[in-house]
Structure formats: structure tokens, C-alpha cells
Amino acid sequence: MAGQSSGTESQVQLRQLRPSFSSRFKEFFIRHLQVFFYSLGLLSRTPFSTLLTAASLGIALALPAGLYVILDHAKQLSGDFDSINQISLFMKQDVSTQAIERLQKKLNAWPEIAQVKHIDRAAALKEFQENSGFGDALKALKANPLPHLLIVYPSLTHNEPEQINRLLADLKKLPEVDLVQLDIQWLQRLYAIIHIAQRGIFIIGALLALAVLLIIGNTIRLAIENRRSEIVVMKLIGATDSFIRRPFLYTGFWYGLFGSLIAILLVNLSLLMISNPLTHLSSLYNNSKLFSLGLMGVNTSLTLLVSGCVLGWLGARMAVGRHLKEIEPK
Amino acid sequence: MILFDQVSKRYPGGNEALSNVNFHLRQGEMAFLTGHSGAGKSTLLKLIALIERTTTGNVIIGGKNLHKVSRHTLPYLRRNMGIIFQDYQLLYDRTVFDNVALPLIISGFSSREVKKRVHAALDKVGLLRYEKKYPVTLSGGEQQRVSIARAVVNKPALLLADEPTGNLDPDLSLEIMNLFMAFNQVGVTVLIATHDIPLIKQLDKRIVHLEHGQLLTVEEN
Amino acid sequence: MAGQSSGTESQVQLRQLRPSFSSRFKEFFIRHLQVFFYSLGLLSRTPFSTLLTAASLGIALALPAGLYVILDHAKQLSGDFDSINQISLFMKQDVSTQAIERLQKKLNAWPEIAQVKHIDRAAALKEFQENSGFGDALKALKANPLPHLLIVYPSLTHNEPEQINRLLADLKKLPEVDLVQLDIQWLQRLYAIIHIAQRGIFIIGALLALAVLLIIGNTIRLAIENRRSEIVVMKLIGATDSFIRRPFLYTGFWYGLFGSLIAILLVNLSLLMISNPLTHLSSLYNNSKLFSLGLMGVNTSLTLLVSGCVLGWLGARMAVGRHLKEIEPK
Amino acid sequence: MILFDQVSKRYPGGNEALSNVNFHLRQGEMAFLTGHSGAGKSTLLKLIALIERTTTGNVIIGGKNLHKVSRHTLPYLRRNMGIIFQDYQLLYDRTVFDNVALPLIISGFSSREVKKRVHAALDKVGLLRYEKKYPVTLSGGEQQRVSIARAVVNKPALLLADEPTGNLDPDLSLEIMNLFMAFNQVGVTVLIATHDIPLIKQLDKRIVHLEHGQLLTVEEN
């Protein structure tokens, strides 16, 4: 290759020292591997400051990741919560038990409805006596004043407020039905709260994503500033921009990797810390698994790792791109 | 090899560091550049190495007008030059070996070749035993010699040196000058800025004299 | 003062160049003021990177500040929420209206009780008919089966679960009372949720406080690293540690100040962004002010500003302290 | 003023840079320190400025054993010394004026006094017109002279210089040496490490010669 010509020739010419493609290809992986470990070595020479930077990244990454875990679980949970939505159909007094059972079958076939439960008049009175708090008072009743009751559970795919409203209208049109009742207020409140939570999480998530980019970019920028003289020297002896850029990009990569590892650690620690009160809460709903979050899944962890590395690389790319042109030998 | 055609250089500050310099250094020639402090010696060398650009006039290196060199091809041009800076420009977080090896690694030489050449270059400046040390642990003169080794390791076609013996004792200075002469013998074009008039008087080479940015005398030997 | 001796004396002696106290005092404020503006000038020379750093600090400061604003409001809110806790006292059938009014007065005097409302048997039946969903069915009743009802609202200072339980026990002992009822489950759930929220906020708050310290410390550390040669030169010509430290401390201060200004901006923007859905939620509770957060108060803003500056100064102090000793001329 | 008593200095790397050096420079005396590259000249000066500490032996400056100088009193001791470094050690983000003013500001001089003294010092090295420029925009020799101005601005009792004329042309070198001699005339103790043997031969001062860390000859005039 060029540059390896022996020094004994009497005339040395200006050469285009651009190496041939084959030799570039041959050396490509070796060089990258070298820089890969060289940049790791540089970081390990200053373990304390590396840890500091990685920790700030870790915190910045941990927060959106933790929010994601909770949000993801909340989505599954909303199914359970929605079963709170139940519509009570009070039958007219004169409808026979057979007619009601036919109606129950018919409603069960509607796609909007997940399940229909029949509560017998007698059973309803008993339940009412037990649960209403008017127990003793109602024992004085001679005749059962209660009608038959059908409890309708809307299916999970039809529990948006407008869908529920449409279902209610349909149910009201049934000739057998005297009265339709739904705690629509509870539903509206739930949706309002979810709406706020979504917006809040969106704001926090956006802020934190920005923070990650800022912190990585800033760190790399300062690292470049710190190695300004090195860059100058490299340029002076004929290094190309991509050659100079490479160690910085790998540094960004390593920061991202370490940062996301710390983030995974933090998220799992936090999940463990809130698991006790969550179990307690779940037990209040007679369902010990209801709110349990467990640890971060393998998929989520991998996603976090990959996005950490990509963000690190990107932040470094942006910072290097901006600064490499500014730093010129004088 | 080096052609200065009516070159002037005015720094943003307002100083005219070089005014209307015309000067030709043929391929394989060797010359010394002298002049008082602030005469413009370093500026002239910086124009050749494209560290600064001319204000007016053209600099032509190996037939290539430096006006036409883009940011992208600049690195490849610089690889043809061995440059010794007044302030050494070493990397202080790398060993002497790594510093000298840098130009070879940039050009993509194999590790075996790198090792062989670096050892040869360090041997020439008498610093082979220091290859594992860091520059800060070297004396001023030793650092200067490391920068000389780095400039010649790549066997460049053109060697530029700015005050290469400023921190060396007279014996060593002569030795280094002899090293440059040996390079010149095998065809390398050499241009050296220096204050050491007594030394270069002995050496029987062309002397280019600058005064307040103007080329006054071109002594040909 | 020493050092101002004229150069014409024939023998120059080693001097203790420690300036006299009076001259130190005289120059003290001028020097500090100079460094104050000098460090600001340094930052303003690199506006982009200053902004980057201040923005990462701002985000890190904004999150705990925002949480604080919400938490602070939630505390006031909990009063409103607790009024959901109400205890129903069902009177025995034979208790007279006068006796009930006497009891109402007596209970009103209890410190645990905020208010007692009397619901007359007839009014209760009417309300029941309207709200229970059994409306028509109950119209068939000949006699009013309902007892008199007293609704007890516990006072805000006595709404911890144990206190409520004690109150319930006391109320049960009253001779006129037939039945005492409280949706204790709702209360338990509420407290479990609050417990989780508290722990979550504690975790997030701790992480973010750590992040602020890390980011500032890291930034100052890199700034010091960047000015290593300056520190070396300063030491070489006889500058004391406190002299060298001063500009860095002011830099930390400025970063803290700018960071907290950005944080105030971010928090207020976020509050504006969630104010709409919050108003909507409030209207569902028939109280348009219930959840409205407004903007950050003057006190909170000032506290944020001061703590930002103090954190900045502290982070710089830590970073400088660690590094100033390491950097020595060689 | 300066007393070296059986001083040895071994660097962590293993080099014995100075071995058993005994040497006395009286108050108001002036001496040149010579020796090949790596002989230990800079090391000797660094021991005096407490940049390095001796491995064995004592250095006594103005009656004060440097072993007994704590981290806390060190800055006040250094303010008595004007030191000119081989690599200038200027601050590149401050103007020439600010660089030269630094020792005065550190000692708490008033702004008026600072201005007067800095102008006087810059005038002595012929750089008054450059006071508002930044060091990077100066030539090598000009930077060297800025560092000389900074060293003398404080009128120190002791002046240490490491290769102060390495980047200066012969005329300017002589001028700077005369400046040092003028300081010596008014009682300042001066110690200068240099390679410029021809120059110092003319100057009729004591020459201290180092060879591989050993004090070989002490020529008294």
C-alpha cells in the first residue's frame, strides 16, 4: 500500500495516502474493535466520573421506564376496573320468569355485552335486606316489593362512555324493562382521572426524554471540550473527521449502556419498594394479584438497554457534529 | 514542491504577518527560515500546512493549489507532511510509543509495521528507552524529540519544522539537524524555521530570511 | 502593603506576602463582586452550552417542584375528600323526634364530629324512592318502614382510620341508635392508595434530588477538568485555594439560578397544560375549584430559586473540593 | 538564598533525575544552569519552586527548609518567586494584560497599581502594544516574553527561568538576558537554565553544569 514505499528512492512524491479499499475493509473491524475497547478503557481510567455521568443518565432513563411499566400494567388493569361498570335492568312487575330467562339469553348474544346475570326477586330482597343497612327495617315488609333484576356487564371492547350510552338507550327500548340504571358518574370521573394521568405522564415523559438527550449531549460536549487539544493534534497529523469522531461515539454508547443498566436497577428497586403497599391494596379488592407489578419484564429491559445505547450514540453524534468543525488548529 | 506566489496574510486582529511573499522551494531541496521574533516564520509554515489560509496570493504544494483543497481532502494532504510544532503538540494521555504511532494508525498501517517503524523513529532521536513513558514525565528537550520522531515516522514527502532545536543543547541540536539532512539526502523536501544562526551557518544550505513579514534575502548556496 | 516596596533597594528579602487584614477587608467585596460578574461573563461567552446545562438542571429541579405543588394541593384537597366519609346512624323505631333532636345537639358538641344532619323518616323514604332505583317498586309500600336517620360527618382532625373506628364504637353505645354504618372499605382503599402515592413520590423525589446534585457536580467537575491548566497556572503563581475556588462556586451558583428559573417556567407551563382536564374533573364533583391547581405560588417559587442556587453552590463546592487537591503542577 | 544540601530526586518512574547535589546560591547572586537534554535542569528548578519534592536531602530557600512548608503556606512562598516556565504556562482565554496582571491580583494589589506595573513589565519585554491580544494570536517568541513579563511584574526576590530564550532570536535573547542582569543589579537572586552557551559565555556570571543529574563543575567568576 501507499506509504510503505521504502525510503531509498531518491525522489519522494506527494502521495494520495487514501488506503485501498481491500486494506480498509480488512482493517475495518479490527479498528472498530480497538476503538470499542479503547473508549471503554478511557472511561475505566476515571471510574468515579464515569459513574457520576452514568448515574445521572440512569436516573433520567429510570423515570420514563418506571412510568411505562406502571402504565403498561394499568392498561391490563383497566379491564378489571371496567367490570365495576354494571348496568342494572329492573323488570316490570308482570314479566314472567320464563320471559326473563329468554331475555337473558338474547342479551347474552349482543356483542356489546359480556355477561348477563339474573337476580331473582326473592334473592334480591334478601340481598337488599342484608346489604342496604335498612336490614331490620325491611324485615317488616309483608309482600316483596322488588322486581326481577338483570345485571348486565358490558364487554371490554365496548366500555367507552359513548358506547355505554348507546347500550343504555338500546336497553331502555326493551319492552320488558321498567328501569335502567348505571353509575355513569363514576365512569365519567374515572375517565377524567385517566385523562389527567395520561397528560401528566406525557408531560413528565417528554421532559425526561429531553433530559436524557441534554445530559448525554452535554456530557459528550464537555468531553470533547476536554479533549480539544487531542482533536487539534489529530487533525494536524491528518486524521479524517470520522476517525476522530469514532471514540466519542463509542463513549456515548458506553454511557448509554451503563446508564440504562443503572436505570433497570433503579426501576426494579423502586418496584420492590412499592410492592408491599400494592399487595395490601390488592387484598382490599379481594384479589391479591390485582395491582401487583412484579419486576420489569425481559422485553422491557431489552428495549430500555437498546434505547439507552441508541440515545447515547445519538447524543454523542449531535455533540460531536456540532463541535468537530469548530475545533481547528491555530 | 513549495511555491509562494505573491502571498499576503493578515490576521483578523489587523496584523499583516506576511506581505507579498514570493518564494520557491524545489522538490528535494532543503532550506532554513530565519527572522526575528514575530517576523512571520510560523505563519509561513502554517500556510503550507493549511492551518491558516492566505489572505491574497496562492500557495502551491506539489502542483496543488491549496485554495482548491476542500475540508474533506485536507487530511489526506496533511499525511504527506511531517510537521514539527513550536509547542510540540503531543497527546499527554498517551505513551511516547502511542504518540509516535499516531500518524501510522491514522493511515491504517498494520500493527506489526507500526511497531517496526515507531521503534526505528524513536531510535533515531535517541529515545527508544522512553517508549512506555508519558510525555509529562519527559524533559522539555525529550518532548521535542518525540515530536520530531512523530513527524518523520511516516516518511513524509515534505518535512516542516518550527524551531525544532529550541530546547536542545548544542550537541543534540547538531545531531537532529544531521537527521534532517539525512532525510533530505533521500529526497525529502525540508523547510526549517530556526533562530540558531551559528548552527545553520555551518550547514551549507539555503537560508530564507524574513523581516516584518517580508522576504528580504534568499541566500542560495 | 508588602509587595509594593520600591525596586531600588539593594537587597530584596523573602517576604510573607500575606496581605494585611485591613486591606483584605477593603478589597474583599470588590473582589467578590468582580468574580461574581466575571463568572457570569464566562458563562455568557458560551451561551449554548450554558443553556444546555441549565436546561438539564431545570428539568431535574422542575419534577420535584411540580410534585411538591401537586402534593401540597392534595393535602388541602384531602379535607374535601374526607367529607365523603359519613356515618349513618339508624335510630330505633320508637325514638321520638324530640329525642333525636336532643341527640343531634349532643353529638354536634363532640370534638370528633364536624356536623350532624337529621334526615326525617318521611324525607328519607322520599330520597330512597328517588335514588335507590327501586322507585316505583317502593311506591307500593303502605307504611314507612324506614327509621329516622342521623348522618354524622367526622371532623377533619379526626379522620384517621383508628380514630374513625373509635368514633364508631362510641356511636354504637348510644341507647337511641339501632345501627351504625360506614363504608370503611372505601376509606381503607383511599388510605392504601395515598400510601402508595406517598411512597412513589418519595422515591421519585429522592431520585430527582440525587439527579440535581449529580448533574451540577458533574458539570462543575467537567468545567474544572476543562480548566485544569488554568488551575495549574494559578497555583504556580501563588494563588490560594480559596482564590481558585471562588469563580467555580459562582459558576455553580449561576447554573443553579438559571436552572431554577427554567424549572419555574416548566412547572407553570405543565400546570397550564393539565388545568383543562382538571377543571373538567372538578365539574364532575360539582365543584369547579375542587382540583384546580393554579400557578406556582410566590413562596414556592422563591423557595425553588433559593434551593436551586444553594444546590448549585453545594454541587460546585463538592466537585471543587474533590478535584482542587488532585490538580497540581508537574 | 538557595541552598541544596545532598539533594537527590528520583521520579516514580525510576529515573534518578538528580543525585546528591550540593550547591549554594547567595542572596543577590546570579547563575546559569547548563547541561544536556534530560540532565535535570528543570528538575532542579522545580524543587526550588516546590513543584516537586526532594527524595532525600534538603532545599533551603531564604533560610526556610522546604520540607517544612505546608500546603497552606505554599502559595505565599511562591509569591516571592518569579518563575518562567519552559512551556510558558499562559492562560489562553485571557488577554496578555490579564495574564501579566495575575500575580498582582492574587496578592491583592489595587487596580491602579496593577495597571501601572503591568504596563511597565510589558514595556520591558517590548510587548506593550499587544496588551489586549490573546496569547494564541502571538508568535512563540512573543508568548515567551509575556511569560517573562508575568514573572517579573511582582518584583520577586527570586527569579527562576527555564530556557527563557529558547524561542527568541539572538538579539532579543541578549536583550532579555540584560533585563535579568538589571534585576540582579537591584538585588534579585537569579537562576537561569539555558542551552545558549555562546550567549552566557559573554555574560561573565557563574555557571552551574549538570550532567546526568550530577553537579559536575561550578565555575565561579
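A, B, C and D label the chains in the order they appear, each numbered from 1.
One rule holds in what follows: a residue touches a chain if its C-beta (ideal position, glycine included) is under 8 Å from a C-beta of that chain, and two chains touch if they have at least 3 such contacts.
These figures come from a predicted structure and were not determined experimentally.
Each step here moves to a touching chain, and the least such steps from subunit B to subunit C number 2. The centroid of the Cα atoms in subunit C and the matching centroid in subunit D are 58 Å apart.
The centroid of the Cα atoms in subunit A and the matching centroid in subunit C are 26 Å apart. In this assembly, the C-alpha centroid of subunit B lies 29 Å from the C-alpha centroid of subunit D. Among the residues of subunit A, those touching two or more other chains are numbered 330. Taken as a graph of touching chains, this assembly is arranged as a ring, one closed cycle with exactly two partners per chain. By the document's touch criterion, interfaces exist between A-B, A-C, B-D, C-D. Residue ranges on subunit A touching subunit C, taken from their complex, read 49, 52-53, 55-56, 59-60, 62-63, 88, 90, 93, 133-138, 140-141, 143, 145-147, 178-179, 181, 185, 188-189, 192-193, 195-196, 199-200, 203-204, 207-208, 210-211, 214-215, 217-219, 221-223, 225-226, 266, 270, 273-274, 277-278, 280-281, 284-285. Residue ranges of subunit C in contact with subunit D, taken from their complex: 1, 3-5, 7-19, 23-24, 27, 31, 229-230, 232-241, 243, 328-330. Subunit D contributes residues 27-28, 49, 51, 61-64, 75-81, 83, 85, 89-91, 93, 102-103, 106-110, 113, 150, 154-158, 186-189 to its touches with subunit C in the complex.
Against subunit B, the residues of subunit D that register as touching in their complex are 11, 13, 34-38, 41-42, 86-87, 133, 137-142, 145, 162-163, 166-173, 195, 197-198.
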